[in-house]
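Just dropping this structure here.
Letters are used for the chains, namely A, B, C, D, E and F, taken in the order the chains are written, and counting of residues starts over at 1 for each.
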Amino acid sequence: MTSHSPSSSTSAARADGRRPDELRPVRITRGWLDAAEGSVLVEFGGTRVLCAASFTDSVPRWRKGSGEGWVTAEYAMLPRATNTRSDRESVKGRVGGRTHEISRLIGRSLRAVVDVRALGENTIVLDCDVLQADGGTRTAAITGAYVALADAVAWGRRNKKVSTRAEVLTDSVSAVSVGIVDGVPVLDLPYVEDVRAQTDMNVVVTGSGQFVEVQGTAEQKSFDRSELDALLDLALGGTAELARIQAAALAEDGR
Amino acid sequence: MTSHSPSSSTSAARADGRRPDELRPVRITRGWLDAAEGSVLVEFGGTRVLCAASFTDSVPRWRKGSGEGWVTAEYAMLPRATNTRSDRESVKGRVGGRTHEISRLIGRSLRAVVDVRALGENTIVLDCDVLQADGGTRTAAITGAYVALADAVAWGRRNKKVSTRAEVLTDSVSAVSVGIVDGVPVLDLPYVEDVRAQTDMNVVVTGSGQFVEVQGTAEQKSFDRSELDALLDLALGGTAELARIQAAALAEDGR
Amino acid sequence: MTSHSPSSSTSAARADGRRPDELRPVRITRGWLDAAEGSVLVEFGGTRVLCAASFTDSVPRWRKGSGEGWVTAEYAMLPRATNTRSDRESVKGRVGGRTHEISRLIGRSLRAVVDVRALGENTIVLDCDVLQADGGTRTAAITGAYVALADAVAWGRRNKKVSTRAEVLTDSVSAVSVGIVDGVPVLDLPYVEDVRAQTDMNVVVTGSGQFVEVQGTAEQKSFDRSELDALLDLALGGTAELARIQAAALAEDGR
Amino acid sequence: MTSHSPSSSTSAARADGRRPDELRPVRITRGWLDAAEGSVLVEFGGTRVLCAASFTDSVPRWRKGSGEGWVTAEYAMLPRATNTRSDRESVKGRVGGRTHEISRLIGRSLRAVVDVRALGENTIVLDCDVLQADGGTRTAAITGAYVALADAVAWGRRNKKVSTRAEVLTDSVSAVSVGIVDGVPVLDLPYVEDVRAQTDMNVVVTGSGQFVEVQGTAEQKSFDRSELDALLDLALGGTAELARIQAAALAEDGR
Amino acid sequence: MTSHSPSSSTSAARADGRRPDELRPVRITRGWLDAAEGSVLVEFGGTRVLCAASFTDSVPRWRKGSGEGWVTAEYAMLPRATNTRSDRESVKGRVGGRTHEISRLIGRSLRAVVDVRALGENTIVLDCDVLQADGGTRTAAITGAYVALADAVAWGRRNKKVSTRAEVLTDSVSAVSVGIVDGVPVLDLPYVEDVRAQTDMNVVVTGSGQFVEVQGTAEQKSFDRSELDALLDLALGGTAELARIQAAALAEDGR
Amino acid sequence: MTSHSPSSSTSAARADGRRPDELRPVRITRGWLDAAEGSVLVEFGGTRVLCAASFTDSVPRWRKGSGEGWVTAEYAMLPRATNTRSDRESVKGRVGGRTHEISRLIGRSLRAVVDVRALGENTIVLDCDVLQADGGTRTAAITGAYVALADAVAWGRRNKKVSTRAEVLTDSVSAVSVGIVDGVPVLDLPYVEDVRAQTDMNVVVTGSGQFVEVQGTAEQKSFDRSELDALLDLALGGTAELARIQAAALAEDGR
């Protein structure tokens, strides 16, 4: 288990005492499940997401014979992950728009660092289930899912399902939320800040600092070019730190 | 957190070295979630179920004005709780028969020890989500859900939603699986025993030793009266021990 | 058509004048449908269930090539089978938990007396549709479905789909409800007793008196070991009589 | 029970020996269910439909306060009503187009003879479930449902839910199928004729001989005006006879 | 684009000044979509339906190897095609009965003039989407869909998917609504007349004047034989004119 | 109708001859539907979207009594809007993730320029149905929906549903796609460029040049800060031009 509590800051104006450019304590616990080919319990402060990677040596029908693999993701939230209980999507009989949207985002983000040809005709499904939600669940999910994915790829290698000649993972990938709260651009928003943010942005960045996704939304007030620039700066700093935490977690002895 | 590892036995014939009448190590962790009015991570060996109790001060429409409360439960399994991944019921768009059946069983079992009049017009929903499945998920869920329910009732008392004059919980309730494996009646079956059992029974028992539910199924071979009696004996012993573990957990300082 | 009205009793305390250990009049009408390979209209007093057996010479995909057959069941109720009309599950767009649960119970009960290898790669589906419900619909369904199944197996023999060398049916199977009403254990509960029962149990038993399923539920009050024993005694007596009625029905000239 | 077997004909060219203008034996059994306010088992030859009328003293929300009642219908088929088994619509999770279409047709046909103002703010739902299908299920359903409806209206009168001052039923209504088979216009087609018909028409007619619905479809060959006229003549003859059979059934002593 | 505004009449009693036997202005615009193999925007007065024909060189599974093609249709309405907005069927999660009914009607009507053997193992799907509804949407859809179908067949010929030896289309087909409004039989009812009609009929007729479908419904009052005859006369006149308009549209230079 | 064909450029490298910073011909046709309170057919080159605004003088339950109105949107595509036919979401029984995502984006974008308090307790629903898709359907939808929204607000004013004292629309809003194709940042991508883009971004901007949404996705290759800056520059230029086109359309005499 890898745990990082940033050193305390001097000029804290945030409810939890963090500096504007400071992450919440991040914890990555590998091997949380016995059977999954990769599994991670990732925590960004009070947000806890269980990321399970399932490896199968086949591909969806439309990929058969292509020589290429497939990586996809499904995101969901337990009914009492939040302050008040939500109805289950299974009971409602349909997956909501937000769930769909985030599942697609996680899948795209991971595929951005996967060489599907090197993966061969194998599929890895990442299930990201939010056990407790305190803001930033999608960014925690992407960050944890990358580590579970890396473990599943290693499992594929050890079990001779994946060739060792080519690199399946071309880079690492992590994500963080940024936003403007009370006029101040801040990094990694917990729920209490999220609901008050005038602008909210999720940024997905590779280990080498390239953008994969930039999704900014004016929640209460539209934003100008300089605000956008400030948010992007914060996000690049945050994801650089997350990349270091991911690397440290993967450097530990696997499960 | 309350953890009980039974003392090792002398005549172990089971794969995990247990005596026929021995429970797996049971662990009950209260307060696993920050927001839920009651929450328990319950573990029966490798089986891990997160039980969240949500308290609301209203009742379903058909109960309005009755002066009585309501307790219900929903059971579900994460897609990779099992050895191989299962499709999500939310994605399939319908809740499966097994899920329905177990949700109803948990609800009925808990209501057997609830005085709905003493609860008043409040509802407590128990969400039992299986994070890892290694046999006995429904019995672990009932056992853990009772503790989460007790915490939610206490929360209702502390917050003046429930009167302190009458006892809402008339008894405790726990559950255990029993079965005949290779001709031998055994207690608390893990997955490897479950798939080989010729008969499989789930028994729900109150703290005072009364039956709430008896569900026995001939999986491979029908069973006679003496086999049924042996299984019921084992179940009464197992649930008596579970009742002690529940009491010990609730005696600890709450979250 | 086979019809059995038990001789009148002397000490009747039940609303319909039956002794505690007495079945309602049971009627089994074979060949109720022209096209089905087996069909039975079974009546337990006012409860009427139409059981249709459909034989097809193939098996579900997951059974292909196994040399084994498959038997399954679907239970449903017409909207006005009950005192007040219920909405159709087809219109609601989902099968309810109770329906699922009973369908699974009927299928398991029948499979307990089927040698799937002797059946060969054939499937028999039992559709059990409740035309009128007056308590005990699931036990009537199992009892009638066994007779329809026997007719469908005979059809398979006559039409050379099933080998005549091995016995497909290893035993007969029937079911009955028992319960404690006003403190008295009674057999075969009609609706008016069912709603007042403190404990309710459905028991499925083979022709040779072995248990297949035991499902007991404390509806209003948990039950102790001696009550459980009394209920099991009643159930064994009732199913023994049902087995005789089934045999008599099958001994008549088929359609 | 009212049963009508038409006298045998001299020039029979049809498989079952009927004249072109002859109905199959029609049987109407009232009071088939104990609890429904009206219920009829109607048989047109081998076609058997159970029609249950449910009376409730309220109306759908959009009718509230209008002083007018509502009559509606739902049609469905048991899975093994036909030669080969069909999947249940409840299991498929959606009602098929044909089912919808027929339900709407039955409802419209009955409403054509109902004075909704005289009915008052009450609703009668007609459930028409096909137990066995041998052609003409929708026409048998309409013909039987009218009788069940009449019984439910009478029930409403006896129970003071409906005023006795105005006539709720302004006329009777029945329906029959007609078609051109091998170039010959024939009345009341069983399944074997239905599949060979080049044109198929369902006609709904009041007791006084007015058209309520005319639905003609060229199945294999379009039809000209004279063929259409011949089919309408047959239909008017058939429905006149059905009106007499309905009246005879209602003249018998009710259940 | 082909546009026909009938010459003004002398004795107009209808709200829009038309004679009882007069069509609304009909406009058929071919090639409205760039990619579809056939596409028509058809207008009957204010009713506007976009008909798109999609040609694929395969057939549904149950037709494979038959040497025969398949033609089918799907009808739908945009949410604000009507005076007040309707919910989307995609959002409601189910296709309504009316939609199903009309889709099936359009498909049957077109197949009445298609020689599926001459089409070969190809499928043509007609999507008829109502952009604006002012009465007669199903009849406009059939009339426009025939033209789109003809263009798709021609596309199949040009692209060597369909043999040029046999005629795929054995005739043309069009449809019109007729009804009795204020006691007067009238042709091609707009919405304001439709809601007041006592009887409403949709008639589908081939170019050679044979009936394909006759669907008459007593909306407020049943109708007698002479009224039916008057409506059929009007419908034959209207469809004869529509057949001429279709022919004129197809005679123009295609896209 | 307002139509803008940008003047031809000198250094065109794009398939359709446009400069990298040039929009496709944009056409906005107001009043396309007779009944809708606002309606626009918007065209960006071959992309055609019908935007209908429905005004109702009530709000969803959760807004009742707040004094605030609500604006929401639903996006959908006709099955043959694309090169090959897609199945209907109504027939599949569920709305897909992409549809959900875009509907939510349109709704958020419009709400960014709406003062819900000035709107009062009224709801405006924007239905954006893609009749033909050639890239940029969501950006065309937002751009057209704003104009339909403005017309619906004006309708509300004329009909005294909305007060004339406060401004409901605080600004205008439009959207455009930008992307990197063959290494060159370009504006307003048609389908052929969209499928080849290495990075794809949709940008929503107010009339005063503030960002409302920035959604950038690395389709084939992640992107760096300078590429992001180039794309944002293009988007600001494009949306400034769209704002002028919207203003010109609204300056014309309404319907």
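Here is the rule we use: a residue touches a chain if its C-beta (ideal position, glycine included) is under 8 Å from a C-beta of that chain, and two chains touch if they have at least 3 such contacts.
Each chain and its UniProt protein: A, B, C, D, E, F = Ribonuclease PH.
As the structure is a prediction and not an experimental result, all values here were calculated from the model.
Visitor: Strictly by the touch rule at the top, which chains does subunit C (Ribonuclease PH) share as contacts with subunit D (Ribonuclease PH)?
Guide: none
Visitor: Take the average of all CA coordinates in subunit C (Ribonuclease PH), do the same for subunit E (Ribonuclease PH), and state the distance between these two points in whole angstrom.
Guide: Here the centre of subunit E (Ribonuclease PH) sits 52 Å away from the centre of subunit C (Ribonuclease PH).
Visitor: Subunit A (Ribonuclease PH) to subunit F (Ribonuclease PH): how many Å between their CA centres?
Guide: 30
Visitor: Counting only residues that touch at least 2 other chains, which ones in subunit F (Ribonuclease PH) make the list?
Guide: Correct list: 93-95.
Visitor: Taking chains as nodes and touches as edges, what kind of graph is this: line, ring, star, complete or other?
Guide: It is a ring, because the chains touch in a row that closes back on itself.
Visitor: Around the ring, starting with subunit B (Ribonuclease PH) and passing to subunit C (Ribonuclease PH), what order do all the chains come in?
Guide: B, C, D, E, F, A
Visitor: Spell out the part of subunit F (Ribonuclease PH) that touches subunit A (Ribonuclease PH) in their complex, as residue ranges.
Guide: 94-98, 100-101, 103-104, 108, 112, 201, 206, 209-218, 222-225, 228, 232
Visitor: Can you list the residues on subunit C (Ribonuclease PH) that touch subunit D (Ribonuclease PH) in the complex?
Guide: Interface residues on subunit C (Ribonuclease PH), with respect to subunit D (Ribonuclease PH): 33-36, 39, 46, 50, 52, 54, 56, 74, 76, 78-85, 88-95, 99, 125, 127, 129, 131-132, 134.
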